[in-house]
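Have a look at the structure below before the remarks.
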Amino acid sequence: MKLTNKLLAATAIVSASASIANATELEVMHWWTSGGEAAAVAEFAKAFDATGHTWVDAAIAGGENARAVMVSRITGGDPMGAFQFNHGRQAEELIEAGLLRDITEIAEAEGWLDLVNPPSLLEACTVDGRVYCAPVNIHSWQWLWVSHKAFADAGLDVPANWAEFAASADALEAAGKIPMAMGQEGWQQSGAFNVMMASLLPSDIFLSVYGDKDADVAAGAEVASVFAAADAARSMSANSTVQNWNDATNLVITGQAGGQIMGDWAQGEFAVAGSVAGEDYSCLPGLGTNPRLSTGGDAFYFPVLDDAEQSAAQAELAALLLKPDVQVSFNLAKGSLPVRGDIDLSAANDCMQKGLALLADGALLPDPTMLITPDTVNQINTLFTEFFADSSISAADAQAEFAEIIADAE
Amino acid sequence: MAAKRPNQLFRNMNAKVSAIPMIVTALFVFVGGTAWTIVYSFTKSGLLPRMKWVGLDQYERLWGTKKWLVSIENLAIYGFSMLVLVFVIGFILAALLDQKIRFENSIRTIILYPYAMSFVVTGLVWQWILNPEFGIQNIMQNAGWQGFTFNPLYNPDIAIFGVLIAGLWQGSGLVMVLMLAGLRGIDQEVWKAARVDGIPAWKTYIFIVIPMMRPVFITTLVLVVTGIVKVFDLIVAQTGGGPGIATEVPAKYVYDMMFRNNNLGQGFAASTMMLVTVALVVVPWAMLEFGGKKKNG
Amino acid sequence: MADLSSTTLDGPRGPKPRRTFSRRNIFLYGTLLLVAIYYAIPLYVMIVTSLKGLPEIRLGNIFSPPVEVTFQPWVKAWGEACTGLNCEGLSSYFWNSVQITVPSVILSIIIASVNGYALANWRFKGANVFFTILIFGAFIPYQVMLYPIVIMLRELGLYGDLSGLVIVHTIFGMPILTLLFRNYFTSLPEELFKAARVDGAGFWGIYFRVLLPMSLPIFTVAVILQVTGIWNDFLFGVVYTGPEAYPMTVALNNIVNTTQGVKEYNVNMAATIITALVPLTIYFVSGKLFVRGIAAGAVKG
């Protein structure tokens, strides 16, 4: 009820000051529900409300739930004004079916083509030369988080790259540590594998596997070396009996585990625990081996609406999401990196600065989700969750299955 | 009553009118929805249901997918164990509670409360309790029992039984209450007569009381089996299907395919297999059970 | 056995226990105590966790009582947790859940009870075919029906409307409830029914004047099953309504299910317990009726 009152109040204020023509309510669906994420969304909403329109918030945690709701709402003829999605190949079908609005004109008017860095983000939004989504942030996966305490307890120096990290496994284990923390969920395990693919090999291999779906490369010797590394990671994480990624991160924070491969969002857990980068833990982009990031992230899509006023508000929202001040405030709250290279983010912390530097250098790869369909992504997830859970599956067998999945990929 | 026989169609008119919601639901939702699902299982529907015919492709992939085969096996193991144990535990608890004990109300409430709890979080709690690092195993080892190992969720061979522990925790309370109610419905005279004849209590339960409780068993059976076939959020919350794919189940396969893989066609194919199996078992059984003359079942 | 509701009223019927510290009693209470502990452990863990601060939870002993008791997680779960823009925790969704649950429970029970009555006492040709389909329907996983129902509701013009959601709950509650009511009404002595007919009562007359008054227990059972199911429903609530009508479980899911944010376990536990309070209250208040109701219904059926 309070919410309704607030909304009413907000509408009242808006209509009182309605010198701006056609203030409309626009429902925006997203899955940012944790404290930090909610604060970030609030930045968007604030900026949008300042235009005279009203942001009607529809937060639904969990990508699967959000997908079910989105498809239902669009099929049911009651689409929302905008929704968050990972940019990537997930939305392809909606675009083909003509359900999503072509925002190419807005993108051109706002100069997104020149601004968005890396350009692959906008490419992921583009189908047949038309732009269908607005990328808002960058999250990267390629981080190795290392516990200083664990290594000190084992009498070792903090490793600077994957090879050193892997070499210290036995000593860590002898000191009663779990060498590598890993949550037992497919997305975490295949995520770690993809990080190794991106970090331990030259990028053209990564691109020919995921970009060209070249099954021969996927079955080849280079990829075999990544599977060997994954095999090593499997034995290093054999005693990591947690499921959630943050429980795994907690093993690193408390020094029970040597390190963890996880995306930049793990940073938040260290921050909340009061750990200091460089003192209590280190973050190694590209596993310290090849500092290089793949740039996934979030984007907003806009269903085709019949209502002209709502469509106008939609366009305003799209343009607004990439404005410099909005990008800064949003990404600082979210702990992600902005999608345009021309803004100052000096308030960012240590690890984010490392990320920004890589972004500026262009040491980047596209995220696998931009290159392969969710179906393929999840087949790979299943493969790796099996691989990590069952040490009787040899690296070679897993690779053969991997190559098969890549061969079937569209 | 009218002397002339009214038209067959108008006989029982009120009953027919009042059954319209049921008929509509049965035909349009359950039959219609099932038919719709079957039709779309022959298509290449991804994120959206689309009429791109691919014949039996989805079924070929389905039966060539290890995750699906493991799911079926798990459902069989989980379903059988759950069915047997939930009835045995539910009945024994009910029989114990039926001994004119003190605190019956409190104990019954403690056993029933899990039924009200959302599994999103209780699944997590069971994850913790069964976790070797901070759960029961840890407690026992700290208490001096060093050799104690109890680690069901992280051993692929027995993980499904870890799920079973939580499933029983959630489901047995309802069965217990139904059984208790059934026991309360048995005429006191039956017990008296059995005692006079010198029949031991356990024999009275098995040969006299349980057969008399057939209807309550039927109601409970339907509730329990539908719960087993649809089991899904328990798994998602507790193991996510892992370790590996050791605790995958068919309903989760369907959900994963539909909303994670964006592969509706595959999800529909899997659910068609489930529905056909259910129909082959349930329809003949229900016709026998409910279709006979009045006053049974 | 004419007056069923009273024959089932009185207490336990098992063999009479001896009243000493007999071995039997020690075994009986000992077993029940162990069982009660097994059932209570998760609740204990949840309560203890909900009273700890996050740093204490990170230490990882899930069974230890809180060193420093804090009620902040409860306050946060109820009134402050942010789920997206709305930072009012579960409180602002509570009323939505009530608005969904009350009409859904009432409508589903009315329809299912009349169905059960028609099936038990006024069987018409083909009735059992529909009933069998209904029982089959109880086995269909909900997710599968999601999109077909979207299409049906769209065609009826009810998509995105509260009444659409009420209809969906009524549909999915129908199989089990109809079974429950059918068995109950079948179990009632046929003489009652015949006598009422001789007195000239018709379909509705018998339903309202004869059956309803003696069926309160089974209605209580149905209320409990439906309140639990509908109050805890997430999927239908989120798919068939809009943000202004989302039930409390959507907020619960938002609080609990964040992927990339910091996970606040204490708030999650508090939120789960708070959400369960409504069905728990129903169990508690109607505990006795629950037992009596099922006894009267299913047993004699």
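Letters are used for the chains, namely A, B and C, taken in the order the chains are written, and counting of residues starts over at 1 for each.
Here is the rule we use: a residue touches a chain if its C-beta (ideal position, glycine included) is under 8 Å from a C-beta of that chain, and two chains touch if they have at least 3 such contacts.
None of these values were measured; they are calculated from a predicted model.
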So how do the chains connect up here, line, ring, star, complete, or something else (other)? complete
What chain is the most remote from chain C, judged by the mean position of CA atoms in each chain? A
Would you kindly tell me how far, in whole Å, the mean C-alpha position of chain B lies from that of chain A? 37
Could you work out how far the Cα centre of chain B sits from that of chain C, in whole Å? 15
Sequence positions of chain B contacting 2 or more other chains: 49, 133, 255, 258-259
For chain A, write out the residues touching at least two other chains, lowest number first. 63, 65, 68, 71, 75
Residue list for chain C, restricted to those that touch at least two other chains: 60, 143, 146-147, 253, 256-257
So in the complex, which bits of chain C are touching chain A? 54-55, 58, 60, 82-88, 91-92, 95, 143, 146-147, 150-151, 153-154, 159-160, 234-235, 238-240, 242-244, 246, 250, 253-264
Chain A to chain C touching residues, read off their complex: 1-4, 27, 29-39, 41-42, 45, 55-63, 65, 68-69, 71-73, 75-78, 139, 244, 246, 250, 253-254, 263, 265, 268-269, 272-273
Taking the complex as given, what residues does chain B use to touch chain A? 46-50, 66-67, 127, 131-133, 151, 153-154, 156, 239-246, 255-256, 258-263, 266
Quick check: in the complex, which residue numbers of chain B touch chain C? 8, 11-12, 14-16, 18-19, 21-23, 25-34, 36-37, 49, 93, 95-101, 104-105, 107-118, 120-122, 124-126, 128-129, 133-135, 139, 169, 173, 177-178, 180-188, 191, 195, 201, 204, 212-213, 215-216, 218-220, 222-223, 225-226, 229-230, 232, 251, 254-255, 258-259, 264, 267-268, 271, 274-275, 278-279, 282-283, 286-287, 290-291, 294-297
With touch defined as at the start, can you tell me which chain A residues reach chain B in the complex? 63-65, 67-68, 71, 75, 90-94, 97, 184-186, 241-243, 373-375, 377-379, 382, 385-390
